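Should a chain be cited, it is by its letter among A, B, C and D, assigned in written order, with residues numbered from 1 in that chain.
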Amino acid sequence: MDELDIEVVAEPSLDDPVLIEGLPGVGHVGALAADHLLEEFDDESTLVRRLYSTAFPPQVSVDDGVASLTCTEVHAVTDTGGRDLLVYTGDHQAQHGEGHYTLAEAYLDVAESFDVSECYALGGVPTGELIETYDVVGAVTGEEMIDDLESAGVEFREDEPAGGIVGVSGLLLGLGARRDLTAACLMGETSGYLVDPKSARAVLSVLESRLGFEIGYDSLDERAEEMEAVMGKIREMESQATMDVPSEDDLRYIG
Amino acid sequence: MDELDIEVVAEPSLDDPVLIEGLPGVGHVGALAADHLLEEFDDESTLVRRLYSTAFPPQVSVDDGVASLTCTEVHAVTDTGGRDLLVYTGDHQAQHGEGHYTLAEAYLDVAESFDVSECYALGGVPTGELIETYDVVGAVTGEEMIDDLESAGVEFREDEPAGGIVGVSGLLLGLGARRDLTAACLMGETSGYLVDPKSARAVLSVLESRLGFEIGYDSLDERAEEMEAVMGKIREMESQATMDVPSEDDLRYIG
Amino acid sequence: MDELDIEVVAEPSLDDPVLIEGLPGVGHVGALAADHLLEEFDDESTLVRRLYSTAFPPQVSVDDGVASLTCTEVHAVTDTGGRDLLVYTGDHQAQHGEGHYTLAEAYLDVAESFDVSECYALGGVPTGELIETYDVVGAVTGEEMIDDLESAGVEFREDEPAGGIVGVSGLLLGLGARRDLTAACLMGETSGYLVDPKSARAVLSVLESRLGFEIGYDSLDERAEEMEAVMGKIREMESQATMDVPSEDDLRYIG
Amino acid sequence: MDELDIEVVAEPSLDDPVLIEGLPGVGHVGALAADHLLEEFDDESTLVRRLYSTAFPPQVSVDDGVASLTCTEVHAVTDTGGRDLLVYTGDHQAQHGEGHYTLAEAYLDVAESFDVSECYALGGVPTGELIETYDVVGAVTGEEMIDDLESAGVEFREDEPAGGIVGVSGLLLGLGARRDLTAACLMGETSGYLVDPKSARAVLSVLESRLGFEIGYDSLDERAEEMEAVMGKIREMESQATMDVPSEDDLRYIG
């Protein structure tokens, strides 16, 4: 296998589609959001590409006993009620810096072949504390995009995210800008300690408003309730054991 | 030396051979199984290939003062009473992701040159607890293989192995499937803390049933007894010191 | 994107310019010094090159919501009152050894295209203790440079820096020498625990003396006062808590 | 700079020279031995090659203020009273597996250009305890070498070194054997905690016997006495502090 191997599964014709990237990252926010999107648009989705790479971990996932090689899947979604979508999902990001560059360029190449002119990279931004209100923080390739996104509820802050954006979401903006792609990163605030379905819902709400589709949230809300139950149990154990509120350190290794 | 250097040692003609991979991994189960197989079929085995690679650790092993460069050895085994075999063994896996892909492809290339159409990757699956009954968990390239393997005693479980299969065993399935190779991974349950000859025996029993050969287990059973003695001593020391049963943490760094 | 991608932004004609490298390192001394130089010569500076590389971390920085891909920027500075300058700044060094070599060679290639014959790599040398007098330690490509630099206040010491010079500053000397470039590394002494504007000022004073320009230090002095305030608070907390002076270990993870 | 850059400094004609490798490793034994050899044969030595590589750490060493790029130096030594020598020294080994292979092959290429047919890789083997008698353990490319080396005082042991030989010394044997080079690794026993001049002397004694030269040991013995003084102080501090003998853990981070 070469460093990169793009398998063409289908070639549907799409109407000015929007790239949605939801690979794993902080709080699993982007992945939860993109997976939920595909679940809700199950009947409207077609797998169009699989991207294999030696930059992925050397591993297969196993589903009901059947193994499949680590890859990024690209689904086309049509008849959304709004814009057509090209959704990137998968279990892994690249394992090293060079691989991130190689894969981000490949993602953009696939997007170009479908004439994508707009891109949303979905992710989470860690706050280090439990969240009450789930804000969505934005970063863009050009400041002319800021007003529209603010109208959709996205916040832009002077010094956030402080350390920049690492991995595929960052590179889709950095490398996309060099190709004149209009791209934004939508980062749901999340504690950073736990898989966070509520943060994913906040990010999807922005997308609904921007791209003109509507989806249900039952399965995501259910998952959020499960996480609440886990959190409740942790709080209880903590207070029984030490009569203290859980400290950051206690939570750090859970999610 | 190039990234990969395949030394042709012999070119026997084989009758529809089956690839058996037993490189080091969890509980050393796959390696114990494949090494035992070669030991039992010592007279029927021929070394056919050595695969050297810069992806292996830069190291020699030393046997009675004589050094030999890290490699994967491929032995052909004939006159087994059942199917002909092509057995892959060695002291090391690749040191990084790219190397795993390179070597797995090379293993498959060698297999193709012997017209291999079926592959068994042997390994262990860690349970985190001491094992009473040694089940063998399976993963396959296609669900049509599941029934036959279940008949041979292999278990298929909805969510196992949870993290997928990492390393050469996983890639033989993932990359093998892309070449239309019929491949299965047979994973003996093992605590994950110790070298586990009993788990290796459970895996070999499945192979006997599937491939129609029969082997003795005296040396493997002996090794299992040695491990039992080690375990017994650990339990004794633990109970003297703390009057507690050994905890997982106590055992973690032993094997 | 290739391993290295040099974007030509402008091609001003320069008069025998001097390379000044100030990428991040110990105490952030070199970066503070070079950034301050560009700030003071804001009107006299022109961005001439951006160097992108897959050896940089796969990341964008975000400034007021707008993302920009990690790179090294090269500014030409003219009308300094002294020598013309070619100043290298950025948020990151390469992430691995090979990348350091690739980028240092690329920095030298850009310098050659502007006929640079002299180079100053700026950095810090950690002393492990709080500094009273900020000496600047030197290293050079040829001993004939030592006298002039000593006249400018640089110290040369038998066994310093003990571990050599790691990263881009070291390679500009090591690889520069192989191209017959006259290069020196100017290392401001710094505790190594904190960002150190005073050390950066000491390094810039040497440059002023060597290259014939004069700059103001107000903004750098302000930043130094902020750091002093931080240090004061640490000392206070320490003495309240333990009635001891702060130990090295206490300070280690602050800067 | 390419991955490998071999600078030809001189091309003396040598009479059937022997490769001696003494790069840094366990207890610094090989490096101490090879450096001492060059010091004792200072007048008989000529620098013949410098090998630069991007696999070395990206760094310069600084000697009296003058920087020099990390490399391996090869000296030819003639008029030894015995065999001609080709001695490999330097401050660093490669930083990763692939680099070890690349450099070891390059070392062998240089050796071939001088018609080397015999090689001694010098190193240390860690025992984990303080040493009374400094044995030298051997490993070879072919068992026909064992008798002669045993006569020179080298010990060959069934299971040592247990983990094989890692790094350039191992690869000179592993890759050398594939070129039909007669090669041995001579490993002085050493605690592994401290730089060990006594172990280096033991290794050099074997070389004297095998290669027919004689050297003085004053400077190496002096260094050994310095280390003894350091050890004495550690023992004293330990016994004052705890009235215990120093444990392995206490010593681990000193050398």
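Here is the rule we use: a residue touches a chain if its C-beta (ideal position, glycine included) is under 8 Å from a C-beta of that chain, and two chains touch if they have at least 3 such contacts.
Note that this is a predicted model, so its numbers are computed, not measured.
Measuring from the averaged C-alpha position of subunit C to that of subunit D gives a distance of 37 Å.
Note on chain placement: the centre of subunit A and the centre of subunit D lie 52 Å apart, centres being C-alpha means. Shared interface positions of subunit B, i.e. residues touching 2 or more other chains, are not present. Taken chain by chain, the contacts form a single closed ring in which each chain touches exactly two others.
Chain pairs that touch, as defined above: A-B, A-C, B-D, C-D.
Contacts from subunit C toward subunit A in the complex involve residues 1, 3, 54-62, 64-70, 91, 95-96.
On the side of subunit D, the complex with subunit B involves touching residues 94, 97-98, 100-102, 104-105, 138-143, 146, 156-158, 160-161, 164-168, 170-171, 173-175, 177-178, 185.
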